[in-house]
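Labels A, B, C and D are assigned to the chains in the order they are written; within every chain, residues are numbered from 1.
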Amino acid sequence: MSGLGKLGGRAWLVTAAALLVLLMVNAVLQPNFLEPSVIQSNLTTFLPLVLVAIGQTYVILGGDIDLSVGAIVALVNVVTVTVIAALGGEGTAVIVGLLVGMGVGAGSGLVNGLIIAGLRFQPIVTTFATSIVFSGLALWVLPQAGMPVPEPYWRTYAGTILGVPTVYVIYLLAFLLAAFLAARPFMIRLKAVGGLRTAAFQTGLDLGRLRVSAFALSGLYAAFASLCLTGETASGDPLMGQTLAMSAISAVVLGGTALAGGVGGALGSVLGAWVVGMIGSVIFFAGLPFEYQTLVQGLIILAALAGGVLVTRR
Amino acid sequence: MQPILRARDISKSFGAVRALEKARLTVERGEIHALLGANGCGKSTLCKIIAGTVALDSGEVLIDGEAAALGSPRLAEEQGVALFYQELSLVPQLSLGENIFLGREPRNALGFTDRAAIQCETEALIARVAAVAGTGFTPDARVSDLSPDQRQLAEILKVLARKPKIIIFDEATATLDRRQVEVFFDILRELKAEGVSSIFISHRMDEVFAIADRITVMRNGETVAEFSAAETDRYAVVYAMVGETGAIAASVRDHEPLEGDARLVVDGVRSTRLGPVSFVAKRGEILGLGGLQGQGQKALLSGLFGAEPFHVGRVTLDDVDVTARRPADAIAHRIAYVSGDRGRDSALPGRSILENTAIASLVREKRHVIPGAQFRERFADVLTGLNTRYAGLDAPIGSLSGGNQQKVFISRWLSPAPGLLLLDDPTKGIDLGAKGDFYLLARKLADEGATVIIYSSEDSELLSLCDRVLVLNGGVITADLQGDRLTPFELTRASYGDAA
Amino acid sequence: MNRFADHAKNPLLISSIAILALLVIGELVSPGFARGDQIVRLLTVSAILGIAAAGQNLVILGGREGIDLSIGAVISLGAVIAGNVMNGSNAAIPLAFAAACCAGFLIGVVNGLGVTYLRIPPLVMTLGMMGVIQGGLVVLSRGVPSGNAAPALMAFVSRSAFLGIPGILFVWAAIIALMALVLKRTRFGWSIYAIGSNENAAVLTGLPARRIRVLLYGLAGLFGGFTGVCVIGYTGNSFISVGDQYVLPSVIAVVIGGTSLSGGAGSYTGTALGAIALILLQSVLTTLNLEFWGRQVIFGVTLLLLMLLYGRQARLRV
Amino acid sequence: AETFTIGLSNGWVGSEWRTQMIEEAQAAAKAWADKGVTVNVVVQSANVDVQGQIGNVRNFINQGVNAIIINPNSPTAFDPIFAQAKAKGILVVATDAEVSSKDAIYVGIDQKGWAMKSAEWLANALGGKGNVVTINGVAGHPANQMRVEGYTEVFKKFPDIKILNEANANWDQAQGQQTAQTLLATYPDINGIWVQDGMAAGTWRAIMAAGKQKSIVATGEIRKDFMDLWSKEGLTSGASVNPPGVMASALNVAVLKLQGKEFKDDVFGGVYGNAIYIPIPFVSNDNLAEKLKEAEGKPGYWSVTDVVSIDDAAKFFK
């Protein structure tokens, strides 16, 4: 563990500090900020970005990038609601819908990974092109927003499981999966692939499998995010999630993962996603005139990104 | 008995470059086998083919008499082959321990990485080289924080950790100092005792004759000779390497002490791992920097060139202040710098030979527009003057072998000739023929009035080339050897300082 | 096979073939597609993308994962500034160009400073900058008349200046020639390739790599501002999201034009052809009477196929 | 005196229409002071996706506003969050795009009716026959979808009107212009173009560049600078007005509701049965001069508007 602490330590500490400052400012500006219901509602708002950012972390660690996560979110959403509706909207239909949704997410990631790692395409332009394809497919599946999901679905999402708010259960599961992956050799190998690809290859790592896995994970986490969004919106929308890819990249970088690959981790990305979310909240409660909101948000994010890079730089 | 490794009729081309032409190599069980040859003769390529990282065009490799699967590094490892890569195969972002066990991480019962085991097994490996590894060589040290020689040691440990039956060391000693080489040789001998076969590539003839049992010599992609080390001598080996036409550079040192005035005055310079250092050098002098590796020689050179500027101190050349804040300052004062780390410091990969050659002249001559044919000719002449072998000025730099690339990078500074030439281990990984050309060139430039300062990791190079050698230890000059005192004995003694 | 592979690697050839193929398909699908005046109009649209991609091309050539995602916002800014400055007056056109280019240049320089001196990854720096400019535009456009393009500017973009060809195409041709000249025949051009190929080595030959890189981002901004003025000349008036649609297409044009995203290799001539191919593709898809999703899928798949030919990373096992 | 806090949520800042929408709503809130009612508005306006806008609504809920007026990014996605708002006693009013939530009401125009009005105008201007192409906004966007339904329904009633192609140009003027260019080149025999919003200006530029402004009729838009062009060039055009004042209208309705008034039983209709439709003004060559007079002194981006006054709004209530 000591090695991990030394390598990853400073980066996410900085983000954690930034988050703390934002939390304090927000608590001052918003009197009820620390009430459990408000905390829960904020965490609910941030959850999809958190999930997408965790998935994006693996791709970035491996030295690639995935611009298609937003389109995957839309595709998973429309497929899930369509499958649930087609199967009659009962309990089993929801389960099947969820599974199919996850399959579509992981499958889309797999397609990205196979094209990029298998055919040696450039990740930026490739995932941009596949995102066009995925959004096209989403519009094919569901040409316009609608198709409500059954009430138990979104009531459960907004409610509790065994007395614990569902959102917290999802956070927990997401963390557990991330922690599981972090403890596997997979993580070291992925960092090696992102760190220095030739060295990883010469060491005998199966680069193709590792990179494809990373993209599949990114697609899977995008599916998780999409299913949460479906719970939040209770309906299908082929245009969902369009700004998620760029926000997720910001979150990952804020979380101390190097865009060049090889350094970082999912925990930092979670913090980064919270920071991105909190910036929006703080700006709102600071009562800025509306025409300055976008500007100030942009400036804070730019400053945070610059600051993070500066502090963690040696 | 079956040889453990037999490579037959291996051919390989990279586009137009023929790297190997029916090359062969036979290694017996438990022997240390030296593989020698000039730069670009195909040694590394042959090794990489055996280790599965380069695909061969034709030929076959037998391990223990069986046809080996060469499809991937992974397969090679499974067949007991491990390669120490000349360019190293370490991931800078990972720790030493993670690098050593990359791809074969110990796991606990749950299938999770067993970090405690990595720590402990890495420590055991480090113990083998601890005496010469220097500080900070710990399991959780990040590889990017290690010094070049420590990285080389790390690569050695990484190869050992794979417990192979055939190990190929491709210039494993290139940046090691003498003590480290000794430790490495001890390891080689242990391996030999365990029945492991080693292939040892080096451009240092001393090392080869100190450790090798048998020697295979390659030239231009072909295997031209095989010797038993005990039954041959350097002359025969070198003769095989360079072929009949090759001229072997004799000692070119001018033993007469130089007349003339101090021309370069370095006064109290200091930087992070250097100083204070003061010395003077004369016109026409070849001044060597000696000592153990990493004692500030490189810092001094890059400081003089402005690449890592001095914090304090002053440098004058012909009474002009030339203390450089950045390389451009130094270049403006006709100071030139050639590094031995071509990939990092010199090569513009993917660009043409002309661009690689001419770019510095454009800067020096403050030209903004590329001139025409005459300009090209000028550089063609310089390259020809250095016996560079190249297809054309517009061919990419990557089409040349290491030695020829280095000639290109030196030619950058020759038109017009520099006043002060800084050479930072410039012949690292360069074959004997090219080295000879190189020594002659350095002497010629000095005779024409340049001052040359050279750092070399090979003492013999300093001894044969330099008029005077400054020995550095811990960042300061501890000895100034010239005339009668410029001997191997004095140089070694001064290098080791009191510790010797 | 080898010879074929060699030619297949020549991006200029591939883009040209792609362009011809698209013209033929377009003409087959809808006769008249490849008519002269229509081609001129498509080239006009390509010119706008192509000029935007010139800046993108420079930062990508300069290496270090160079990319400029703020280029869309800079285009919008340039358009808004130009609209305000001109407000329909021909006399103010030079001033509009100057103001838009200056603003773009300054923003680019800030990007460049962040990338080189603070060492913020370009993708992140320019993404952040995009947000800042968009926010600034919301502030700026409020209460301030956005203004109109001057008639002469609109004529420059869409009316014939000579032989049925509008002025902007001559300007684009000049930019293509100038870029080729600068990249191939000047020290600055060689320096761009050098820092893109190996920055450390470039510095050790005396090149001011950081200043060059800042300048490259500045030029990217300048081209963005210039594009903004052309866009308002095309649309007649500005609106604050007008540049958004150029961001990723400008990168794609560079890539299918054969410039390596890792820097140090490529040409603007290729990028220009890439821009034309991209616009043609969109156009051909418009003429196909398909459902929107079908057009999208074909567009994405075609991009992937184009990249199959030369947008690929190097093989590890050689 | 009564005091209400109303949250205004806008999820897209790409156009001046949206800015005008918010400004008019703010002005309407101020105007309530004359009636002795203090209306505080809190605005959240940024480019967000559905999730971001849900976050905005959450912030309003957490802040404890009395009512939320939203220009929603999705028709269906807000059902659960609106249910939460209602549970906290917050009034939710959507505007500009209808929402499916039974916990919210909609005050705005009927987007389908908006499209039908201009489609009818176009059909009549064509004398009931001819070749038509349409240029739409973002495929899959609810407002776009309803508009497509609207014109489809109308054109179906005219058997001699043939729709040659339906393209999407994402409500972007430059893309609209480019698409129109391609369509004009592909179909030499176009008689009419039905096009939405800002893309109309781009379409007309393409028509004029092709020299067909006398032979083609197309729908227009309601920005002042377009109407200037319309009048100056003597175009034949017609435009349904989606007034930026919709949010102000919604605010007036909301305040009356907050004051405790009850809706009349029959005011609600629309797709989801929760909509109060407000009148859709129409600009055609007949009343262009009059509308231009209204626009005098306004900036080019100003759109023809209309607000349901407090008194008119009161007519929705018992």
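Methods note: contacts are C-beta pairs under 8 Å (C-beta built on N, C-alpha and C of every residue); 3 or more make two chains touch, one makes a residue touch a chain.
Chain identities (UniProt): A, C = ABC transporter permease; B = Sugar ABC transporter ATP-binding protein.
Predicted model only: the values in this text are computed from it and were never measured.
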#### Entry: Furthest chain, CA centroid comparison against chain D
B
### Summary
By C-beta contact count, B-C versus A-C, the higher one is A-C
### Task
Round to the nearest whole Å and give the separation of the Cα centres of chain A and chain D.
33
### Task
Can you check how far apart chain B and chain C are, centre to centre, with Cα atoms defining each centre and the answer in Å?
43
### Rounded Å distance, chain B centre to chain D centre (Cα mean)
71
### Message
If a residue has to touch 2 or more other chains to count, which residues of chain C qualify?
### Response
134, 138, 142, 292-293, 316-317
### Query
Where in chain B do residues touch two or more other chains at once?
53, 72
#### Entry: chain D residues counted as touching two or more neighbouring chains
13, 19, 47, 139-140
### Query
Can you list every touching chain pair?
A-B, A-C, A-D, B-C, C-D
### Task
Give every residue of chain D touching chain C within the complex, in rising order.
13-16, 19, 47, 139-140, 164-168, 170, 172-175, 177-179, 181-183, 185-188, 198, 201-202, 205, 209, 223, 225, 229, 299-301
### Task
Over in the complex, which chain C residues touch chain A? Could you list them?
65, 67, 114, 118-121, 123-125, 127-136, 138-139, 142, 248, 251-252, 255, 261, 291-297, 299-301, 303-304, 307-308, 311-317
### Task
Quick one: which bits of chain B touch chain A in the complex? Just the residue numbers, please.
51-53, 72-74, 76-77, 83, 85, 88-95, 97-99, 102-103, 105, 107, 110-113, 115, 119, 139-140, 142, 158
### Query
Mind pulling up the chain C residues that touch chain B in the complex?
184-188, 190-191, 193-194, 197-198, 200-208, 264-265, 316-318
## Note on the structure
The residues of chain A that touch chain C in their complex are 65, 115, 119-122, 124-126, 128-133, 135-140, 143, 197-198, 201, 207, 246, 249-250, 253, 258-260, 291-299, 301-302, 305-306, 309-310, 313
